[in-house]
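There are two complexes below, and they share subunit A, which is joined by subunit B in the first and by subunit C in the second.
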Partner chain A sequence: MILKMKKEDLSAFLESAKEWGELWGPTRKGERVAFEKVETLSQMDLKATRTIIPPKKFLYPPRFTMFDYDDKGYVERTGDVPNRILFGIHPCDVHGIQIMDELFLEEYKDPYYAERREKTLLLGHSCIPDDKCMCFATDTEFIAEGFDLFFTDLKMFYLVWVGSSRGHDIVRMRPELFSRDIGKDDIMNYTEYRNWKSSQFTSKADFTGMPDIFELGYNSPVWEELAEKCLSCGQCTMACPTCNCYNVVDEVDLGTVEGTRDRFWDSCMFREYSLVAGGHNFRDSRADRLKLWYTHKLQAYIGEFGKPACVGCGRCVATCPVDINVVSVSKALKEQEVGK
Partner chain B sequence: MSSPKIGFYGFTGCAGDQLMVLNCEDQLVDLFGATDIRSFAMAKSDNDDGELDVAFVEGSISTEGQLEHLKDIRKRSKVVVAIGTCACWGGPQAMKLEEGGYEERYKKVYGNAKIEVSKAFEAQPVDAFVKVEMKIPGCPIDKTEFLSAVTKVVAGRHPYFYSFPVCTECKWKENPCILTEGKFCAGPLTKAGCGAVCPSHNIPCVGCWGPTDDLNVSAEYNLLEEKGYDADEIIKKIKKFGGAVVAKMVKELSAKKNTKEGGK
Partner chain C sequence: MKRLCVVVDDREVEENPYQPEMWRIVRRYPLTNDVNFFQARAVDVDDVLKMNYRPGQFIMGSVLGEGEAPFSISSTPSRPGLMEFCIRKVGTLTETLFGLKENQTIGLRGPYGNGFPIDKMEGKDIMIIAGGLGVASLRSLLLYVLDNRDKFGKLVYLHGARTPGEMLFREEFMQLKDRDDLKCILTVDKDDTGQWTEREGVVTDLFKELGPIDAKNTFAAVCGPPIMYKYVMQRLVKLNVPKHQILMTLERRMKCGVGKCGHCAIEYLYTCMDGPVFTYWDVLHMKELIGKGVSDNVIA
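Right, the complex of A and B next:
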């Protein structure tokens, strides 16, 4: 279902939606763009292209406690997650969450992810691409499902996609703000918007032939060259909307047998990640670790799920200090040369 | 089970790590309750030199007298834990390691003054002289990290320290990378654990936690050079807290660069 809403009514709508839960949206402080808890629409920066960290932080935080334990057993730390409305999520990030859902909710359901997912409402918003955006190359430029509501900004109006019954419930809090009266102009405006968005990309990303290029380039010397540049800082992994690996560690309270079991974001880019008991390391060299990350994103995932594990958000492009990212790596593999 | 006997000792450094231990005010009673603190000159007066389960050693080693004391601590302790960046890596006083010229620097500071105390030498981390089971870095150490480690050590368990650089914590704090802005940040070489305090206030990392487990000195060097910093400044800054580990890597890197240039 697609509805129409006046731009000036958004503020009132979000105010009412807060009855469902906390309102979170993209905020800007200098170059730092992050989803933060807000009270009003005016605190958000809806023109910001991307947050530093994707919304995965809501579904599984960088570090959190899974449960408390003592010598008798353990008590899960579930139940204390608040209801949250995330407003202003872009299509790439909704695609990212869909990939996270596949990993955390399907075969082995993760209770911590599941609870946060259940208590998070995704209200998407259309975006303005910049020079790092490459969703056109990963087919994630638009989104048809996975959100609760999606707002497409057509200057005077929003077209509002209702993507779930929960989304519909929120709409019904203020039914008078929405109309079903979609006319010829609206359709033309929407077509124009899509064409405009598609014309905005300047990134040179090109993932055609990617699974094959990775297979052909598996033993390429390009990986060694990339490894010489790589700082192993882990920023790419933390910023990637589909990276989901974590480590688990127990904390103990001093002088007791009580403590917590914590989980935090980990990265296959780190040497410790592939270190096993006895001291053997499956990917001791930096080149092997880089190869794993990129092969996973642009080859292996395609084989398993039929699409890349890259949603084209451009965060790896924005954050890597030495220009190692999905664009430069796929280009290097194709051209058999690491660019400057 | 009797409480584990532990001791705290300080060598060349600012004593900030021992102070940080005392600064764990809310947990101090628990710490004194869970352990039998046999020696802690900064905190109490009746100290003895008996057998220890765990010795916590702060500061780098820079005199013959300290070295003798350190060896004695090692001999009577089951586990030796280096606390703070000076003990773990050498600290700023070890920033000239692998460069030589100690005698001249010594003379520049002390001239021909007759020094009566123990003979001094180039400061080095504790593990340059004795076996160290564990390192808790930081300048000063972080309370949470210290307490987490101590709790596990006294319980006979293995503490966990982040193996990755502070950049990872910096991303957790949702900071844009200041290296991409062209600022001199030592984050990629520096062990996590501080919670990325400085970059979270837009101040570049100076590396005070010491080297991370898997650092790429040459990549950091090339990046900074590309950003317009000159070789001397880069080396001076990355060696400030890098201690013995980074000093060795920088020496290898310089040798490699020299051969390359010589071959041209």
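Right, the complex of A and C next:
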């Protein structure tokens, strides 16, 4: 279902939608853009290309408690999550959430992710690509499902995709703001918008043939050269919308046997990532850890699901302090040379 | 526990897959200097006989305040009621675990992983080759085959340890030597006691005692240190045991056991979900599965 809405009505619509839960959206603080809790549309920056951290942090917080325990056993901690409306999610990030959904909601459903997913309304918004965007290369520049509502900005109007029953319920809070009256001009405007968006990309990203190139380049010296530069800081994994790895620790209240079992984001770039008790480390070298990440995103996932585990958001390009990212690594493997 | 007992009328009840259930340590004794044998029983009596697992699977074990780690199951599902583990003291969690006494509790969840492909192995000759702590998971398979002896062909059990004192389940396996329904050969790298009555040498030296084997009809299950894999694989391939019938169980860091935390990922596989039992064919085309050296230079 696709509806039409006047642009000036968005503010009133969001005001009504707040009845469902807290409103969160992209806000700007100097150079940085982050999802923050807001009261009004005017606090958001809908022209910002990307937030530093993807919206995964709402579905899968950087740190949270899984269980409280004492000598009787472990008691699940769920139920303390607020209802949230995330407004302004871009197509790449919706694709990222769909990859997370596959991982967390299929076999062995994760109750912590499921609860937050259930209590989070995803309201997508069209975007303006910059020089780091490469969703054209990962086939994620548009999105047909996975959101509750998706707003495409066509200058005077929004075209609003209704992606779920509960998205439709939000529309029904203010039915007078929406119209089904979509005419010839709207279709032409939309076509023009798609063409315009596709013409905006300047990135040279090209992931064609990556599975074979990774296989051929498994022992390439390029990996060592990249490892020389890598700082193992793990920022790429924190910023990546499809990185899900986590660690678990038990915290103990001093002098008792009570405590919490906490879960927090981990990174395969960290040296301890594959370290087992007894001291054996399956990926002691930085080159092996880099290889794991890029192999996972651009080779293995394609082999398994027919698409890369990269949604082209450009966050690794924007984040890595030493220019190691999906573009530079795939290029280095293809050309057998690490760029300066 | 999720996989152990949660099938009600064929509908799986949705539960927290990370929820540990409390188990009571029934029995515990040292097997060697740094390895202990643990027997545990579900605290909730209703759960005791509902548990089911396959040889080769593992559980996630919690020690209060120390966290959670994966442990191979050493017992066989053909002897229900108790679960057994063979655990080496290697870190803080196992250090605390070794300090627990009988009737104290631990948290368990599982079982996880694929386990050995028992259905495919039935009717075939079985070779089990254990080195060091590798026996922790292979004992489950060995006891399972012995308990279902008529479902399998010939059974060979080869076990190597560094010294007699370091041989896990030494007395138990010594008794197997007298049985006529399997060939059980034990060896140590070096006899430092002067009283060792069995073989001396590495486990591959035992192959010459096997006589002719029906390679195409054989499943080999191998677990041990990396160096052992390297030489055992060479011998098995030379004997023409099909690569997809050579099974090995692998170890990785794991924080969830259910394919979520990422630590045990190898290319597109998760050791916890797609393993820990892999075939030698998997190893040949998954470069990271076993360290360098095992699969190098194999083109066949």
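Simple rule for what comes next: the second predicted complex is superposed on the first by the 340 of 340 C-alpha atoms of A that agree within 3 Å, B and C clash if a C-alpha of one lies under 4 Å from a C-alpha of the other, contacts with A are read in each partner's own complex, and residues count from 1 in each chain.
In the analysis below, a residue touches a chain if its C-beta (ideal position, glycine included) is under 8 Å from a C-beta of that chain, and two chains touch if they have at least 3 such contacts.
Only a predicted model underlies this, so the values are computations on that prediction, with no experimental measurement involved.
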Subunit B and subunit C placed together on subunit A: clash or fit? fit
* Kindly classify A:43 by the partners it touches after superposition: subunit B alone (first), subunit C alone (second), both, or neither? => neither
The chain contacting more residues of subunit A, comparing subunit B with subunit C, is C
Original post:
A:260 contacts which: subunit B (first), subunit C (second), both, neither?
Top reply: neither
Contacts of A:189 with subunit B and subunit C, given as first, second, both or neither: neither
Answer with first, second, both or neither: which of subunit B and subunit C does A:271 touch in the superposed model? first
Rounded to the nearest 10 degrees, the Cα-centre angle subunit B-subunit A-subunit C in the superposed arrangement comes to 70
Touching A:249, do we find subunit B (first), subunit C (second), both, or neither?
both
For A:234, decide between first (touching subunit B), second (touching subunit C), both and neither.
first
The superposition places the nearest Cα atoms of subunit B and subunit C at a distance, in Å, of 5
Going through subunit A, the residues touched by subunit B and also by subunit C turn out to be 249, 252
Touching subunit A in the complex, subunit C uses residues 2, 14, 16-22, 62, 64-69, 88, 90-91, 93-94, 105, 107, 251-253, 255-256, 258-263, 265, 267-268, 273, 287-288, 291
Subunit B contacts subunit A in the complex at 27, 30-31, 33-34, 147-148, 150-152, 155, 157, 160, 163-165, 167-168, 170-172, 174-177, 179-181, 187-188, 202, 213-216, 218-220, 222-223
In their shared complex, subunit B is touched by residues of subunit A numbered 30-32, 34, 51-53, 62-63, 228-235, 238-239, 249, 251-255, 265, 267, 270-272, 286, 318-322
Within the complex, subunit C is touched by subunit A residues 66-67, 69, 71-74, 76, 103-104, 107-111, 218, 244-250, 252, 257, 259, 261, 266, 268, 273-279, 282, 288, 292, 295-296, 299-301, 303-304
